[in-house]
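Same chain, two partners: subunit A is paired with subunit B first, then with subunit C.
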Partner chain A sequence: MEFLQYFGGVFEPTSFLLLLGGTMGGLILGATPGLSPTMAVALLIPFTFQLEATQGLILLGAAYTSTVAGGAVSAILLKIPGAPANIATALDGHEMARQGRGTEALHVSFLASGVGGIIGVLLLIFLTPVLARWALAFGPSHLFWMAILGVTIIGSLDSRSFVKGLLSGCLGLWLSMIGYDDIQGAQRFIFHDSLTGGVNIITALIGIFAIPQVIEMLAKGRVKHKIVAVSVAKQSLLSSLKLLSKNVKALSIGTVTGSVIGLIPGVGGQIAGLLAYDQTRKFSKDRDTFGKGNPAGVIAAESANNAMVGPSLVPLLTLSIPGSPTAAVLLGGLLIHGIFPGSDLFDNYPEVAWTFINSMLIGQVLMVIFGIWVASYAARVSQIPPPIMAAAVLVLALFGSYSVQQSMGDVYIMLALGLSMFLLEKVGFSAAPLVLGLILGPIAEANFIQGSMIANAMDGPAQYFLMGPLNIVLIALVLSSIAWSFFSSRREAEKNALLSDTVAKGGGAINDPFHDDTGAQS
Partner chain B sequence: MNDIASNKATVNRLQHVLPATLVLLLAITVTWLSYTREPSDAFLFPRLISSVMVFLAMWNFLRAFLGLAKVGDGLSAQTVVRIAPGVIVMLVLVYFAAKALGFYVASFLAFLCVFSLYDPASHTAISSWVKRLLITAAFMAVIYALFTLLLKVQTPRGLYF
Partner chain C sequence: MNKTLLSLALVAATSVMGTSVVSADDFPERPISAMVSYGAGGATDFQARIVTMMAGNEDYLGQPMVIINKPGAGGRVGWNWFASEADNDGYTMGAYNIPHFIAQSIEGGVKYSAESFEPIANWGADPAVVVVGADSPYNSIEELIDFAKENPGKVTVSGAGLYVGHHIAALQIQKATGTKLAYIPTKGGGAAAMKAVIAGDVVSGINNLSDAYRAREAGNIKILAVADVARSEEFLPDVPTMMEAGYEVDNASVNFRGLMVPAGTPAEVIDMLAERVQAMFGNARVAKQMAAGGSPMKIMSRAEVQEMWAARQETLTDLLAGLK
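Now for the complex of A and B:
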């Protein structure tokens, strides 16, 4: 119950104001289609430089939590999920709004998010110290394999091609090696003066997540913005609470699914929401009403995508392995404040760690209160035309990347990485493994070098890195994640080939909701 | 119908081969540098990673070359035409204007350019231009308040501001 001692820190005036601002800002950013939670958190990092580590993390944590929940507003009112995690919410939420039950849908969505989120953070509170103690048994070889596992899991799961997923991870690891070597002081891969100091993580995150989205917005061309939000009438919160209590089963399924999914690195809120929705539908007596405005669908999806937020930070805070791309960005936020997550975090920085976690708990409550209030304003923000949004994100990316080290070199790197990532995404590479490689690269290398030194003094590298029960388990997990990805991508390729055959034989067009007619991936 | 399909397949294949070749060349360069540069201890980890990278890049290249790479849609000519003006504005802003004109002037112009280029509203009506200028000025005022007043970031001033 150590966490209870640090609740006071959350209510310090500056910290509480940041929590409030992060929650409200996150709700509005989350409701804006095209601004993903990962990108929102990446763009917020430069604003934390002047803050203390705890305050900076409170702001980022609040934004992370509320952007996921805020995405439900546009999913319900506009049928455009604010983030991939809200895809399942749109299925029933928008139908409810069309039937004149928009307020009810928003209420149950935020209430379910709050319940799921609180349980997720409680899991984070109780699991993290246990795992952190367990992580004390980890030596350099284990930490090296853990870092590699982080890259291979995200490379395998977050990419539609197993080769490209792993290759993205390798590119990220290579980017992390650019600059001066810490131990020998040797120059490595410095092809341009801007690279002398290496690739700054925050700069890279801004470029990789913001620039491709700016270009995607521009790819829509000069089209009239015709999105109209469904209007919502005022309704009592009490009736929404009654509705939530009638759907405890959906709430439980969503919360449990989200919590479990959150603990698995790389799986993410999108899968949590869709899986919870599917399971709730399967267990429901009224499964035919799903997709036609059943509140259970909204409750399951929203409780799941917020329940995964807390657990996704467990591997991050204990083993330095982010559970999601947004958690990877949060890791970047920790590192710039000189805080290295891992087994020592709760011994060396208990105040920072516990105040941050506690703020996420309070943040869930604030999110419910302000979510319901901000929802109508957030819907208006989500109607901002894409050209304004694209121009705004571009300017924010320019100022944000410059403010990291007040260096033009960072700005050049930001745009170069952003443009390259846009082109790479068009041929099936994905950003998450690349970012994870970039973030975990220094951790993997430091432990590899340290392990090699120990190995040279002992039985040699093969014995040190490949033997021992924990090494064997971790290597098996690395290989399993690669094998699983290999077989699943082959299965998908066979399925796609079969579908193409059907189309070629005149079976009709395939309506792929993730691609538009311009060939752009949504 | 078949011609269109085969033409599309060729475009997709080419669009996969080109980046696969570039990634392979990068992987080969990184591997070559890792194995030839001194001190060798500083390149121990890069050697390990670049060896895996070059293997994966070769695999990726072969798949693209043999037409087996299907993931990703590539870029259609229509998309290239649509994004080109915006990308040119980005390049000019970052690699030239920001330093030469100053961050605020360059950003103001870039915001206005992107907004105007992609705004479906009339480009001949004065009211549309007034609206664009006001939105741009308001946004830049927010940026000034956030970065210069709140965060005390000293941006390059260039010729202007």
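Now for the complex of A and C:
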């Protein structure tokens, strides 16, 4: 309970102003496509040169928490996930916005972020020593199996066809191989200078999600009668809270997945949202409504990616190991004030450490308040006529992909990926599995090669990858995930066969699988 | 119409001439950018931001410096850009990392070599150190090397990647001791390599002195030796150099950081920058912030850096020749 005595520090006038500013600024930065939480925090570091250590960290902590949540805004309203953490949010969130339920989507997104985030920070406060050991338990072999566990959900993620899901996943895995391989020193598929550094994940996200819908919107043209103004439904906070309480299951799956996976250095943040989304759908009774505007999808994804924020700092604060790129930037922010994180951080600098953590706790609350406040205004974005919207999204996509690393090459990659994705979507492939492949490829590959190198110096690969309790648990999870997908797809097929029988008997046409939601919107 | 065209052409011509002829007297009249070929928040980026923070001061450049990150492929993306596309008028500077870019140019497949760049001044030097976990059975570099000699290929050593200082140090140790180490490059840089040591994934590791110093302060690791010609009196006065332990490993793996400009930059501009930038690195506030961050400084003049680059080129060509 030591942290309680340092709460006063957060409410000192300067500190609280910084906290307010950091939260609001973070929400705006997070909502800007191309500005990931890592970049937002890095941009703020020079400002902390002038501040005291505690104040500087308050600013950085507030910005970190709110940029993660802010990414949901562009994911929901524009279908451009601000960071890998927000991919799953876009799946159902953007559908909701298109149906005029943008306010509702933003409300539950911020509420779920707040709940997940607060639980995550509480874990950081109470369980840090225990969690630190857990973070270290994952070696290359375990991370390899974690990535494979992620691969097993590729087929079932947001795709009407299992095979097409797997194929887009493979495309993503291939894209992830492009560039210079840091471990073996090989240059792979570098057929253009822009590809030397590989395909940046943020660039890919912008292209794959934003460009196809820009083309879709432009294709509709400016014909008046085809443009249907979306009426944005009013949504009271109370009914959003009720909605959240109805989805406690999604909320708990998201929070648990986020906080457990967030701990694992190098993996956590990127896949927590997608894994939570997939789990929630698998355990849901109305599985078919996911991807069509089910608030449970938004709740699971957002609670997971904010629950991850607190635990992801455990390795940094106790072992001085940054577990994520954002944590690495925060480490820089600590060092600049002469503070070395480590097991004695809380003994040597209790005021700095606890004020920082407390500010993240208060920051979560402020973020929810601001988020809810702007939600009903922000949701009106859906009312913008498609031609104007298409232009705006295109500008944001160009600006965002350039700003990732100030490179025109990234803009070309973004456009090329976007155009290809538009064509792929026409033949029934979807974006989420492709992106998941792109994220998991490097994790699986790097850890497999490193693991093999270590294994060769030890007892051989079989012993290294297959033995040990953690390996066995992870392998069991992989196997059960595959089995689950197999059985559920068979059950689905039987159900569909039954359904099409009755439809055929009734004389109705069988739905054309290519003529799905795109037709319904125009 | 013709008049307008003519005057437009004149304006264009004068402006082109205006930028190509940079007089050292006016330079610099607008902010200068500094390209860092690693991501925001990394050690090079972090230090570059500190050492350039006083640039706006009239005693130094009188114009602020802006950091531009061009990360990717272990620095190759940024340095390729710097060698082939950056303006050579003095307004675009870049951070160099030795031995990285020289080793990469020897390995091949990049658009630069030491001749593509002109050094301005050096700000820091971060030697590589050999580390083991806090509960490791090895307490000295001799014990570790003796074990490696008895068990060739069994000692796993983590490091930040290929052709970086850590990799060079591992190669030098192998050459000097006649042992075979299993060098494990990591994808996440020095932090991931350090995690592998603390978690016990590997037997030992080679890492940056600054990061190792902090990890030892936190009680996570033991530091066995420094791969430099002299001990680090400031941070690790108790840790011997490889040389003291009797192994012929010099300072070829020390990670030198400094600023440079593309080849072809006017000589007056280079001279002016070399003088002012070196003075800027020596600023007391810069020194204070760098010390607070645990980043060892080593300020070197343009002439000293030129000599150091040439020496590295020779050592690394020898060392890497056996690798291909």
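One rule holds in what follows: the second predicted complex is superposed on the first by the 266 of 522 C-alpha atoms of A that agree within 3 Å, B and C clash if a C-alpha of one lies under 4 Å from a C-alpha of the other, contacts with A are read in each partner's own complex, and residues count from 1 in each chain.
Here is the rule we go by: a residue touches a chain if its C-beta (ideal position, glycine included) is under 8 Å from a C-beta of that chain, and two chains touch if they have at least 3 such contacts.
The structure displayed is predicted, hence computed values, not measured ones.
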Checklist entry - So, A:V365: does it touch subunit B (first), subunit C (second), both, or neither? => result neither
Checklist entry - Of the two partner chains, subunit B (first) and subunit C (second), which one does A:L4 touch, if any: first, second, both, or neither? => result neither
Checklist entry - Which holds for A:L17: it touches subunit B only (first), subunit C only (second), both, or neither? => result neither
Next on the checklist: Let me test your reading of the model: by the given contact rule, A:V473 touches which partner, first (subunit B), second (subunit C), both or neither?
Outcome noted: neither
Next on the checklist: After the superposition on A, what does A:Q406 contact: first (subunit B), second (subunit C), both or neither?
Outcome noted: both
Checklist entry - Which partner does A:I183 reach: the first (subunit B), the second (subunit C), both, or neither? => result both
Checklist entry - Does subunit B (first) or subunit C (second) touch A:I388, or do both, or does neither? => result first
Checklist entry - Between subunit B (first) and subunit C (second), which, if any, makes contact with A:F49: first, second, both or neither? => result both
Checklist entry - Which holds for A:V130: it touches subunit B only (first), subunit C only (second), both, or neither? => result neither
Item to check | Common ground on subunit A, meaning residues reached by subunit C in one complex and by subunit B in the other | outcome: 46, 49, 183-184, 406
Checklist outcome for this item: Within their complex, subunit C touches subunit A through residues 39-42, 45-46, 49-50, 53, 68-74, 76-77, 80-81, 107, 109, 153-156, 161-163, 182, 184-188, 191-192, 194-196, 198-199, 201-202, 214-215, 217-220, 289, 292-294
Item to check | In the complex, subunit B residues that touch subunit A | outcome: 5, 15-16, 19-20, 23, 27, 30, 33, 37-39, 41-46, 48-50, 52-53, 56-57, 59-60, 63, 69-76, 78-79, 82-83, 86-87, 90-91, 93-95, 98-99, 103, 107, 110-112, 114-115, 117-120, 135-136, 139-140, 143, 146-147, 150-156
Checklist entry - Where on subunit A is subunit C touching in the complex? => result 38-39, 41-43, 45-46, 49, 136-140, 179-180, 182-185, 187, 193, 196-198, 200, 265-266, 315, 319-322, 325, 328-329, 331-332, 335-338, 340-344, 405-407, 442, 446, 450, 453-454, 456-458
Item to check | Complex interface listing, subunit A residues touching subunit B | outcome: 46-47, 49-50, 160-161, 163-164, 166-167, 170-171, 173-174, 177, 181, 183-184, 186, 188-189, 211, 214-215, 218-225, 385-388, 390-392, 394-396, 398-399, 402-403, 406, 408, 411-412, 414-415, 419, 423-429, 444-445, 448-449, 452, 493, 496, 504, 515, 518-521
